[in-house]
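One structure below.
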Amino acid sequence: MRLRSFAEAIREGLEQALADDPRVCVMGPGVPGPTGIFGTTRGLAERFGPERVMDMPSSEQAMTGFALGATLDGYRPVIVHMRVDFAVLAMDQMVNQVAKWHFMYGGRLRAPMVFRLIVGRGWGQGPQHSQSLQAWFAHVPGFKVAMPASPRDAKGMLVAAIRDDSPVVLVEHRWLYGITGDVPEELYETKLGEARVARPGRHATVAATSHMVIEALRAAERLAPLGIEVEVVDMRSLVPLDADTLCASVARTGHLVVADTGTIAFGAGAEIAAVATERAFAHLKKAPVRIGLPHFPSPTTPALADAFYPRAVDIERAVAGLVGLDPARLPVEEPPHGPWRDTPDPSFKGPY
Amino acid sequence: MRLRSFAEAIREGLEQALADDPRVCVMGPGVPGPTGIFGTTRGLAERFGPERVMDMPSSEQAMTGFALGATLDGYRPVIVHMRVDFAVLAMDQMVNQVAKWHFMYGGRLRAPMVFRLIVGRGWGQGPQHSQSLQAWFAHVPGFKVAMPASPRDAKGMLVAAIRDDSPVVLVEHRWLYGITGDVPEELYETKLGEARVARPGRHATVAATSHMVIEALRAAERLAPLGIEVEVVDMRSLVPLDADTLCASVARTGHLVVADTGTIAFGAGAEIAAVATERAFAHLKKAPVRIGLPHFPSPTTPALADAFYPRAVDIERAVAGLVGLDPARLPVEEPPHGPWRDTPDPSFKGPY
Amino acid sequence: MGGPAPLPDLFASMLRIRRIEEAIAKRYPEGEMRCPVHFCIGQEAVPAAICAQLARTDRVFSGHRSHGHYLAKGGDLRAMLAELYGRETGCARGRGGSQHLIDLEAGFVASAPILAGTIPIAVGAALSATWRKSGSVSVVFFGDGATEEGAFHESMNFAAARRLPVLFVCENNAYSVHSAMEGRQPAGRRIADMAKAYAMASAHADGNDAAAVWNAGAIALDHVRKGNGPYLLEFDTYRWLEHCGPNPDDALGYRTPAEIDAWRRRCPIEKLRRDSVPGAAEERALEARIAAEIDAAFAAARAAPFPDPRDLGAFVHPARS
Amino acid sequence: MGGPAPLPDLFASMLRIRRIEEAIAKRYPEGEMRCPVHFCIGQEAVPAAICAQLARTDRVFSGHRSHGHYLAKGGDLRAMLAELYGRETGCARGRGGSQHLIDLEAGFVASAPILAGTIPIAVGAALSATWRKSGSVSVVFFGDGATEEGAFHESMNFAAARRLPVLFVCENNAYSVHSAMEGRQPAGRRIADMAKAYAMASAHADGNDAAAVWNAGAIALDHVRKGNGPYLLEFDTYRWLEHCGPNPDDALGYRTPAEIDAWRRRCPIEKLRRDSVPGAAEERALEARIAAEIDAAFAAARAAPFPDPRDLGAFVHPARS
């Protein structure tokens, strides 16, 4: 076991990719700065220089075009947005140009770019700093969309994204950054488009994305003593979507809960549920249940945020409903590690 | 019967709304121009003056903020984008500000705005002029999203949108503009959030949006002689989504085809299918089928565009699959009215 | 408005902002104000000397570093602190936090953290003010970083094209988070010069000299109020604390100790104190008044109720008016 | 490159563009070129006189009105016409149409109709050219309307901040579709002046005078090539036909007959002809050569195969290189 945090895994992946291929470069406001995007780019500018690890003005739209232009000389830029919300300013270049670049010039150009979008959450990130818009990018033809949930996948999928000739949107949830796991030392790829059975089970499938995988695993753990074996499928990638792994699991369990970090309505969970229904209808004993954010903007006050974000208990309740378990038998939720549930772990002490 | 085209209905709705309420104003590049946004704003500047029917620089992002700022003085701006694709440049203001405006200031502000987004199609509109991104807006909490498919609804929903205190995105498909129907003369509202059974039927439900309602009605017409009665539900509005009308229909027919003008993957159809599955699972005899655009950018050449856009035949095939009709028995598709199928009607002669 | 700078009033306003920010910084580590906070300590002269020249009906907009603008414009302190504490009595009912301050009574319309996000909105308010002939002026505060956003350019272009009553105020503290100007913006070019792209009037002044800010503001506001169109003001100033949060960040190394020191010596409040505005006794009384106000506001904020989780869905869609 | 304007060459280039555009306009109503087309008739001097000073390795970008830039940079005529005809032999294999021209061999990288969309991309290409030390210059053409987009500002700011080898070329034809300048941009301000916001060099010249364009371009390119940073050129010119499509639109009334007339008299090709560049015999030979080339290219385009509908999903995701 080589324990590394999710943030360290990203940093290591970036560092090795930069060392491995001189065409790789990383850019964004604050990328070479002293705090290094929550540590994920720390020290890289010192090693690779300010051209390959490049600061940028706050010009999200044009920055995207700058990176796209650099692909003409063979570069493979990684753009970092500290919050998904800032990428919203870059939608024209991302969606109208980058995603269609290869197609609209009949294959004569390519846009081998990576967009690292960080989902903010907690400590009052509020309406403009905590959107989780993966469904948007997945909806746009031309992008691949990856959502690693473990340190190993964070590194492997980042490397795979960098080496992919399609533009890849990598959605990184801020609450995963402190989570640790085994991370191989060498440079490796985790193939994009393959889901992973994170925990096998027989009674219900929970197909989860990003940080909701953590919550799903918690729920599975807590349901196990009740004799309910939940299979957790870490979707890992929205585009390509691994319908085979998803549907094979549903075929085994007959039940599906989809848990996504974004807004439920018109969200990634709708696609996952629709695909499972289309492909495994005969196996479904009940309708799939979706878990995610209600159709409201993110509130800032923890008094509302705690009610806004779904957690393991919500998954437990959904599974109970599907398998016919009396919800009264569900274990009581663990108390928060602080006064509120708006921090990922007890070590977290204030503003990002 | 007072026959008016879809475009005339919009124009009439705008004119009456402007006359009815001095706080209403319309803005966008070309809005007061001689061609008046495909006729939908023609003559309005002459009647109401250049302040209330206002030209704008090509600054989609800031223009949205200008309109939002004007709401502080009680104005109710209607913004017009000649193509959905241009609104992509305004996503920051639309999504980060307008949609959240009421919420993030604790209800102290409102953004009573309308966004008229026109979906381009045909005659080589191509990758950057034919996106149909309603799923994006529907995904963002705070917006209402309406997609009228008939002249009557175009006028009524536009008026309802203008009078609504939420920001409303009105998606207008360019291929509907020439379609005619009965349009009442007076100023009236068509309530947002109510689907409409456009044609009753017993054997399968086709839930369609915007121009796909026309294709669905065509399919229903052509299936009727085979004894297959298709119920066409014109969804009309994505947010609020009328799950009751949708599910009541599915409960009657046991079969659902969802036909949307956008990309299937992570699109509006996924939500409609997911909601129907959640609420009417017991009634569904087979999995819902989704029809829409493949996960590719829009090609320009008609040789590919004709294969890219689904039509009545595709709906017919889907219904046949659900009700167990041998597809060989389906009627042959009518020939196109020109060399290709890339124009809405024979009168159409070249560039928009 | 107009006339020589009312230095004692500006001093009082600046000192009040400083003491409020210090009080927030002191209590922030208690972990009860659970939202990102961007302090304006060291930058108090600009908000004070500009907002003092505004009528209640003039409308102010700001970005992430907005406490000073809110307070100087007359925003309610209790409502602001309650907002930071996430309470239902907060100015945005807890939904927005420090980055979404609002006090419509005071003419402080909105702050929002998306860079340059409120700039076009301020321009729109100026546009409708001309429709209404209300005489109201829009003032929007933003940092040097925000000028890199396209929306700023689009806003200036339109405001100039329509000669709208907007005052653009850039607080140039030379950093965008930890990034110095170099590489972000052209060397040797003042932000005030960006106005030339739109044939717009502009000026640059020392943002830590309240009198200089006042004078530049007076000229600019006179220009704007007379219908001569928008105006861009650039003020040099310096942020003392970390970009976000209550601590100094000298240790991070992106700013040299010499630079930090030099700017601390250019404290805008010290400057007025050195100029004997006001006398020591007056200042003591002022301090006491401010302290009492702050204590009461904190007590009220901390005693106020949190929003009810059952109201999570409130204010998403307004009821029809 | 450099030196006095090679007027006969420019005349030939301009005449060729004009004749090609006329041929497209003539055949357009046949309904076989099924995509929006923005003609540059009347505006040929700028593409011709700028592109003539570029090396093959210099990279050109354009917007919706791009035929002239593509042709002047040496883009393949057959591939362009095949693209308009939606054929597999088109420069973008029919996927893009008139608005997505490309010829990498000729250094014409890309045109795209989203306003200002290719401007940051051109800047990015200049950035990587400096990394590669390739000496390649980026040239991006756009209209007056495109300068209203924020991306243009963000691009100029960055190009100036990093002193990148980019030539920004604005073809100011005074209209954005049917909208005149008034209300869109500040009165009495030249677009060339926008460069002042970034301490960037700029110039303005008559865009219908090929020699003037050449001279302004020579100075600008010299500046850019010497590593002095970006340069903004503004050229006044005029579009003869409707915004999109092959017909005049005089009847729409947004441009006065007097204005249209005056500009038609300022035809850039007529001007060179009046200056006796070239002689009549030479011109007849030139016309014949161009006509033959055009005929052959149309014949080839119309004979070429359409893309196979089974390839609808090609080029969405590239195979790994």
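As written, the chains take the letters A, B, C and D, and residue 1 is the first residue of each chain.
As a working rule, a contact is a pair of C-beta atoms (placed from the backbone, for glycine too) under 8 Å apart; a residue touches a chain by one contact, two chains touch by 3 or more.
If you're wondering where the values come from, they're calculated on a predicted model, not measured in any experiment.
Common neighbours of chain A and chain D under the contact definition above: B, C. As a whole-number value, the distance joining the C-alpha centres of chain A and chain B reads 31 Å.
Centre-to-centre separation of chain B and chain C, using mean CA positions: 42 Å.
Chain geometry summary: the mean Cα position of chain C and that of chain D are 45 Å apart.
Centre-to-centre separation between chain A and chain C, using Cα means, comes to 35 Å.
Among the residues of chain D, those in touch with two or more other chains are 90, 92, 94-96, 100, 112, 114, 117, 148-151, 154, 157, 161, 183-185, 316.
Across the assembly, chain A contributes 56-57, 59, 61-62, 85, 89, 92, 96, 103-104, 126-128, 141-142, 294-297, 299-300 as residues in contact with two or more other chains.
A complete topology is adopted by the chain contact network, contact being made between every pair of chains.
Residues of chain B that touch chain C in their complex: 51, 56-57, 59, 61-73, 75, 92-93, 96-97, 102-110, 112, 141-142, 144, 163-166. On the side of chain B, the complex with chain A involves touching residues 61, 85, 88-89, 91-92, 95-96, 99-100, 103-104, 126-128, 131, 133, 135-136, 138-142, 238-239, 241, 262-263, 265-271, 273-274, 277-279, 281, 284, 286-290, 294-297, 299-300.
Chain D meets chain A in the complex at residues 59, 90-96, 100, 102, 104, 109-110, 112, 114, 117-129, 131-132, 134, 138, 150-151, 154-155, 157-158, 161, 314-321.
Residues 29-30, 33-35, 50, 55-62, 85-86, 89, 123-129, 294-297, 299-304, 306-308, 338-340, 342, 349-352 of chain A are the ones touching chain C in the complex. Those residues of chain C lying in contact with chain D across their complex are 148-154, 157, 160-162, 183-189, 193-200.
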